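Given below, in the form of structure tokens, are the structures.
Next come two complexes, and both contain subunit A; in the first it sits with subunit B, in the second with subunit C.
Let's look at the complex of A and B:
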């Protein structure tokens, strides 16, 4: 069997993915139920909801699915005692790591696509779809979201959706590589899951709830200030579009450098850590 | 044998986690002492609200459930399967060890929280507590609620772990259901809505030291619900084991 297909099959044999997916769908259905409105506001609200879905809540599900699926990707061979066989492959270890990275990309693509499909189906059933070629500057988003989407008026609705979608695939890929990097260092899927998921959740928790509490000035400046920047420029910010909407087309290179830079650094570190181990 | 199982639980990550939690809590109380000293005791009542309950969940999911798949990890599963009554007895002993372990942990955290808050408490305090009872009674009620919640959570998590034979699946199921209580905002929760049910129905509300019900009927409903979840977990775990010819 082609090693690529084999790796993909191995990934989808993890029960964790299906269980995580079922729980995510349950919580997502609950979210849709709680925000459901019977009044049909027309196509403007369809696009508004679609553009807002990922930054509001969708990125949590994407992060959960990435953590659940990818934390076992590298430790799996070690956990089932398969590592010695991997070492006997001709160029096995090098090929192996590249295929795993490819699997991370495919998985990220699949997860992002799946959640966008759910959002389109749900919002399509509640609001009317249309006006996809209308420029975003003409629909006056700024009145609704203050400074949100303020600089991207040159995009039409579908172009901005595509822009978000492609960006999110690469952001998810970067986060997936980070999970793989942690799993290479720890080699225990449960711990990887708790560390990566916990880090993501704790930063969310800090930014959403604790930052609003009255904890005294010293605590606020000593912990909240760095935590806020780690949140904003870390994976929480990357997946929740913290700076996507601030980038105008002439400045899009900043975003590309940021996302692809983090991907390159992660791949570089993965290769270094993986290559550090003794080869046969 | 119980002593041996207990020894397996008092491992390095447990001490690191406990030390980290208590250090962070000391730091938070110290800051409260510097900036708002009149709120020290009020703050100490909030220990189980976030930090304490999250630490307890982490300890249960990463340290206690590890005990139930130790055989799988160390490839000694077949030995236990071959023993007459070995599997069931071992499970009960491990469950007992887990319950004793978490009881000790809750008491340790409670005492440390009391000692730290008393150390920083220099002035008389005005406390506002949700029930019309004395502060020590409320504190005891809170600890009792945490202990009951943690024991129910251990029973449920151990049965899931025993059934699926995977710690990561246990972490996903129990961790996500536990986390729902923190995401659901109680201010916007209406009684008998789905949100209300999700917020209180999966052990975490009790482990946060909150009083589960306002009336006796409500309390009876929640006792029935939590017993039902635990029974379903135990029966499902046994059925799965029977299907695998382990019992």
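Let's look at the complex of A and C:
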């Protein structure tokens, strides 16, 4: 367990995390300020706002914080010239990788929880607590914003929130593992940041802006369709609940295969790449 | 006996040498010749040169400006052509204030990446042998990048001004201040962050956060806040940034004065 504490300390010694976090908080505050005039004081809007916060903009904050924090996790030893020391670790490289994977999970849990807490505090301060409590165990919210969310099972508000929260932790974990995988292949933290962040941003740009333009059929079929599918089933779609909202309770196994499958593939590739014996 | 004879011989030789030397006349060089030789030799003497701190900073600024222009001219040219092409062809529905706000620091990023790549902690030892200190170079480079970015701001500005028919309600003053503000904020931010911790990660982080902020502004009401912000607020931010930048430059100058003592 000592190495976990050490790894955690190492992770939180990265200055980038604090700078990124401060700027994210600034942008988040600006966002909350900008939507303040649009806040509806109806009974159910607290839950609606909370449910919509992540797919609207919250997943960007989570993705950015994951990219900023985890891109340096593996290349750090190489960048400070500690790779030879790592090879002498008595429990072997595979165990070392497991500890790092655990750190990725803890970090994604922390980031997701933190942004949910901010959202709950902000919207909680706007709405009255009586309305929030009254609607907490209400089931049929489908009619209220059926254009946006689909009721899964017969979840109540807080159950659905929990469902989204747990899903997002694992989706964040999967994205974190993908960043780690890229960092193992590239071994330069700044390039990992640029590549992972850039890929995420480019797909967002394609799906949100370029897709809306009329650029001809050839462009639409050759570029936009593949880009849209990469967006939808890639990490942009995974973190923005694109697939979550389309899966009803009887088909939940699809969601489990989708998220846990990507986690398993990432872990498998990480262990293969990092756990292999170094060449003598 | 032998000793007294040897002494007499020495005395005689000494007298002869004296007579010979007394007759010998030394031709002294002319004053003009002497001065010309001294003038030539002075060029090879080490000089205790005490340049003022302002002279040093001027030299640093001159050098870094030349460095920025020489190393980034093609990138700037391509970037400006691309920007004008995108503005002309795509006809984005984004407000001109937002467009100029988010595109104005791009030359700064390009130059920063070009000038500071591979400038990690491993360079520290080598930098001690340089003519100027790291902080002087940092200040000079960031100042030059800011200057060039502000100059290049006039390209998109010119585009909006020339297309006056399409952008009728656009105020030129607001366009200028909304373009200069992010450049100055970034220059101060980079100056402070880079002087605290060096490395390429800060650059990558800033770039990602800027792109993210841009997306957030275009997709959410954050953009409305930025484009509807009063010119006075922009001017206050510009003044604050200039003051912070000046404080940092003064710190560098003070550091150099201490070095002289």
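Heads up, the rule we're going with is that the second predicted complex is superposed on the first by the 248 of 280 C-alpha atoms of A that agree within 3 Å, B and C clash if a C-alpha of one lies under 4 Å from a C-alpha of the other, contacts with A are read in each partner's own complex, and residues count from 1 in each chain.
We take it that a contact is a pair of C-beta atoms (placed from the backbone, for glycine too) under 8 Å apart; a residue touches a chain by one contact, two chains touch by 3 or more.
Note that the structure is predicted; figures quoted are calculated from it, not measured.
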A:84 touches, of subunit B and subunit C: first, second, both or neither? neither
Touching partner for A:35 - first (subunit B), second (subunit C), both, neither: second
Shared subunit A contacts, counted only where both subunit B and subunit C touch the same residue: 15-16, 19-20, 23, 27, 30, 33-34, 64, 68, 72, 189-191, 193-194, 197-198, 201, 205
Residues of subunit B defined as touching subunit A within the complex: 27-28, 31-32, 34-36, 50, 58, 61-62, 164, 166-169, 171-173, 175-177, 179-180, 182, 194-195, 198
Subunit C-touching residues of subunit A, taken from the complex the two chains share: 15-16, 19-20, 23-24, 27, 30-31, 33-35, 38, 56-57, 60, 64, 67-68, 72, 189-191, 193-194, 197-198, 201, 204-205, 208-209, 213
Interfacial residue positions of subunit C with respect to subunit A in the complex: 90, 92, 193, 197, 199-205, 207-209, 211-213, 215-216, 218-222, 224-225
Subunit A - residues contacting subunit B, complex: 15-16, 19-20, 23, 27, 30, 33-34, 64, 68, 71-72, 189-191, 193-194, 197-198, 201, 205, 214-219
